[in-house]
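Look at the two complexes coming up: chain A is in both, with chain B in one and chain C in the other.
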Partner chain A sequence: MKTVSRYTILIVDDSKLARMAVNKALNTLYPEWERLEAANAEEAVAAVKQAAPDVALLDFNMPGRDDLALAAQLREANPKMAVAVLSANRQQQIVDRTSAAGATFLAKPITEAALGQFLKAVVQDMESRP
Partner chain B sequence: MNEFLEQFVLESRELVEQATADLLALENAPHDAGRLDSVFRAFHTLKGGAGIVDFIAMEHAVHAAEDGLAAVRSGERAMTGALVGDCLACLDQVVQWLDAIDRTGELPASAAAGAIVARFASDAPRESSRALSADGRSVLEAQVALLDAFTPEGWEGRVSSAARVAANVLASAGDASWAELLQHAAETSMAARDPRVLREAIEEILDGEAATLAPSAPHAPEPEPTARTLRVDTTRIDALVDLTGELTIARNAMGHAAKLIDAQAPALGALLKDPLAVLHRLTAELQHAVLGMRVLPLDHVFQRFPRLLREISAELGKPASLVVEGGDTEADKVIVENLFEPLVHVIRNAIAHGVEPAAKRAALHKPAVATIRLAASREGDHVVVEVSDDGQGIDIARIREIALERGLLDANALAAMSEEEIVDIIFEPGFSTAATVTGLSGRGVGMDAVRAAVRRLAGDVRIQTRAGSGTTIRFLLPFSVMITPIMVVGAGGQAFGIPLDAVVETLRIGTGDISAVGTAQVVVIRDRTIPLVSLATALALGQADPAEEHATVVVIEVDGQYGALRVDRVGERMEVMMKPLEGLLAGMPALAGSTILGDGSVLLILDLAAVFQ
Partner chain C sequence: MSAALPIALDELELDALTELVNLGISQAAHSLAEMAREEVTLTVPQVRMVPRDEAIRIISEREHSKLVAVHQVFRGDITGRALLIFPEAQSFELVRAVVGGDMPIDEIIELEQEALAETGNIMLNGCLATIANHLQRSLTISLPEILHGESREFFDLEPPPPPGDLVMFIYINFALRHRNINGYIAMLLDMPSMTALKALLKAYIGRVAGDVLAG
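The block that comes next holds the complex of A and B.
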């Protein structure tokens, strides 16, 4: 049983540098959260099935897989999980497709403020659940 | 070196290696989609890494290359040797930067992406507009100095003010493409509480500009001359056309105001004259440029016909083949998109009525397969679209018979008509041999519908026919639909517009020259007896005063027929944008459209053919 304030977050990005950047922001925002990392789609699917994280952050530009398809697949495996898709291409089409897939769009490179805002909303949502 | 920078260099070197391998493979196999995806992703990830470590120059350089590759992915440009070269040059620059980071443990302080960005921008149209004036440069340099003077107080204000000033300078230099870059830098500066990010961005623009303007080194490879095209959503072009139309209306409003001023204060009026003339010329040029953007090749509609012709020809049991010419001729999108229906009808007619039955063709030693020619060409400001067949031609005697049978004209009138005029009867409403003769040519729609459709596009239809050898239907269409020159006339206390190209002359005649023929009136002008219509009477706005000794008439020519339109007064000539009638007015037979005048009132434009019917 998790404590109210401690959640698990999955960071999916093939760039370790990008994962480091998210970790750095999390160190300030929610240092107590448990973190999982995946460098590709297979690792991400395995992590979701095994650890049932509360939040997943996905890089949009992963090799070998449509990222929004991956987002949908991860949500299917764990419907309660909040998903954000990170992309440096702030095109309306990608933003629209992201929200259509039930995920939140976050611009890359991710700022602490933007990540904080997203995670705050996620926490509020989870804590308001019965 | 901190762990981020260490990881950045490590990853970037891997990505450069991957991207280089992909680019070299693409040089030999430009259509390898897998390689293209891979190289695009490598550049994208390089850009992302640069963003994470705040290496703005590299972010911009790689971004430019990524944009180039994105255009290849979306099919907007080809994978050329030149593009591969530019991408490799970008990677070379990245490697130099990475080496510098390895040496110093820091981001290179003087890195600038301008030269790389310029490589990718060099064939873009913005190059020509990209010239900062000396003043512009000094203003930008002042912003750099301002941002340099870093003090803890008030830096936020300085960042936003410097970003605003720099954006203005660049916008006035005609270059909005840096605006996004600046905004991004300003936001990053704000978020990082560090004005240096913006300072570097402005410096880079100054450097980049210098790089573009500097004469290219003699050994520098010339960029391949590629046709640079931009895909733009048509709704955006339409918005531009609408705005231009509104600008024209506003210009007319100013002309109206200037006239009022001129009447009251001629000295002030004279001041307005020249600037108004300039405005007039500029709006005309703008209109021309904007409409030049909204063009489509006629192939857009022509390409649907080969298949359609096969169907019609099978349906009617008459073998025919289609020859298409001039499909690359361009015309306004509105015209091209509205040509399909009338063309279908004309082509149906050509096969149904023009092409002889197989037995007759054989007897005449004509080829068993008839030829239908669909051709487009540009003639000055007009676009001509022709449908020709090699059939029997139009049977003039048969048209006479039908016109008599249906009571369209009496025998005397027919006897007085030339062959050409008789052929033109097929455009009359109620003639329609189509529905009755074969029951196959459309849904009982006659050539009158074809003519109406073409006239709605401000065009006209003509027929050339030769007995035994075929018929050509010729659509003469404007290149663009927007501007109609009109003349304003007053009748029954109201103003109306009449298309200026129909006006032959305006004159004053004695009312004694008007004579009655039955219920109609005629007038002799220059030895020609022409029908006269009082506009006020025709529109049920009142009768002309019988005591009047003189009358103002406008002599018009529609379809080669002369007519005299009696009006109360003749007003100014102007160019207006005619809009189709909407709502309540849509059904009015004598009206062709409307426009909004300088004083804000709506002017109705007459359909002269309908007025004289």
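The block that comes next holds the complex of A and C.
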């Protein structure tokens, strides 16, 4: 029997509706995972320091902060954490800078299929670690 | 303080509208970046619904020089006018940033009106089309027209607007080639359109949040 691993995921988005959309997808994909939510950069940093989530999803368009700088800061606080940056802005420069920051680019609005694919890769990576 | 609006969006409806505006503006940034062959940063610090008089007041208090606007009319379940507004002094900068690069100044001057209309068209269409698509409605959008003047004139275009008109007021920051340009997008909606928008946003929230909404 396959054991169900329970991971913790942090959803960072200033839009409540966007966080709800991710939650809806997670209800289907990984209902057993623990979820944390942050509505701004400060809450995100605090959540990472306190709860050390396994995965973080960051909205790119949050006001008042360079989101890729936030991605780098979160990874520094928790280097093992997988990070995806969600943006509707598919400019190549942004996709490139996202990868350079060690994060995965996911197009907004997020689809269940795209989120599922990203999380599947994250799970495989985590489970292959010694 | 804002006057009470005859039809107000609740917190989640305004959140949904802001998300849609952000999606639309990101789409526009993508198109402009292809035109400019350089990264374009377009951000939306705030979206508000205000009465028409307040929109006029906000702009005239913040902007003391003459303004330029790209104006388009949209029709469908939601009917209204869309305006991209910024200080006239910055319109040349905006055009230069978008088509700029290696183009000589005199050619840019010659192209200014055309490029301005095109830039405005990309931004307004990006917003309107994205909102309409996500709300599962279609809109017809007129060709862009360039207006010069003061904020009151932009909000009093013929035919005379009904007194209860509301304005979806969007602050825009535009950064390209080390230039930073601030402007506004204003969408004027009459009461029936506002009622339709509220209902469509409610349905959209239901689709996006689904079972999470009840919890």
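Definition applied: the second predicted complex is superposed on the first by the 126 of 130 C-alpha atoms of A that agree within 3 Å, B and C clash if a C-alpha of one lies under 4 Å from a C-alpha of the other, contacts with A are read in each partner's own complex, and residues count from 1 in each chain.
Here, contacts are C-beta pairs under 8 Å (C-beta built on N, C-alpha and C of every residue); 3 or more make two chains touch, one makes a residue touch a chain.
Worth saying up front: this structure is predicted, and the values here are computed from it rather than measured.
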**Item:** Superposition on chain A - do chain B and chain C clash or fit
**Value:** clash
**Request:** Please indicate which partner A:Q91 is in contact with in the superposed arrangement: first for chain B, second for chain C, both, or neither.
**Result:** second
**Request:** Figure out whether A:N61 sits in contact with chain B (first) or chain C (second), or with both, or with neither.
**Result:** both
**Request:** Examine A:P79 and indicate which partner it touches, taking first as chain B and second as chain C; both and neither are also allowed.
**Result:** neither
**Request:** Would you sort A:K108 into first (chain B), second (chain C), both or neither based on which partner it touches?
**Result:** both
**Item:** Which superposed partner A:A21 touches (first chain B, second chain C, both, neither)
**Value:** both
**chain B or chain C, by number of chain A residues touched** = C
**Asked** What is the contact status of A:P31 with respect to chain B (first) and chain C (second): first, second, both, or neither?
**Response** neither
**Prompt:** Where along chain B is the clash with chain C: 129-137, 147-155, 165-173 or 219-227?
**Reply:** 219-227
**Prompt:** Once the two structures are fitted together, what part of chain A is touched by chain B and by chain C alike?
**Reply:** 15-18, 20-21, 24, 61, 63, 88, 108-109
**Touching residues (chain side chain B, partner chain A) in the complex** = 3-4, 7-8, 11, 38, 41, 44-45, 47-49, 51-53, 191
**Message:** For a test of understanding, state which residues of chain A touch chain B in their complex under the given definition.
**Reply:** 14-18, 20-21, 24, 61, 63, 88, 108-109, 111, 113
**Item:** chain C-touching residues of chain A, taken from the complex the two chains share
**Value:** 15-18, 20-21, 23-24, 27, 61, 63, 87-91, 93-94, 108-109
**Request:** Would you mind writing out the residues of chain C in touch with chain A in their complex?
**Result:** 11-12, 15-16, 18-19, 22-23, 26-27, 29-30, 33, 39-40, 42-45, 134, 205, 208-213
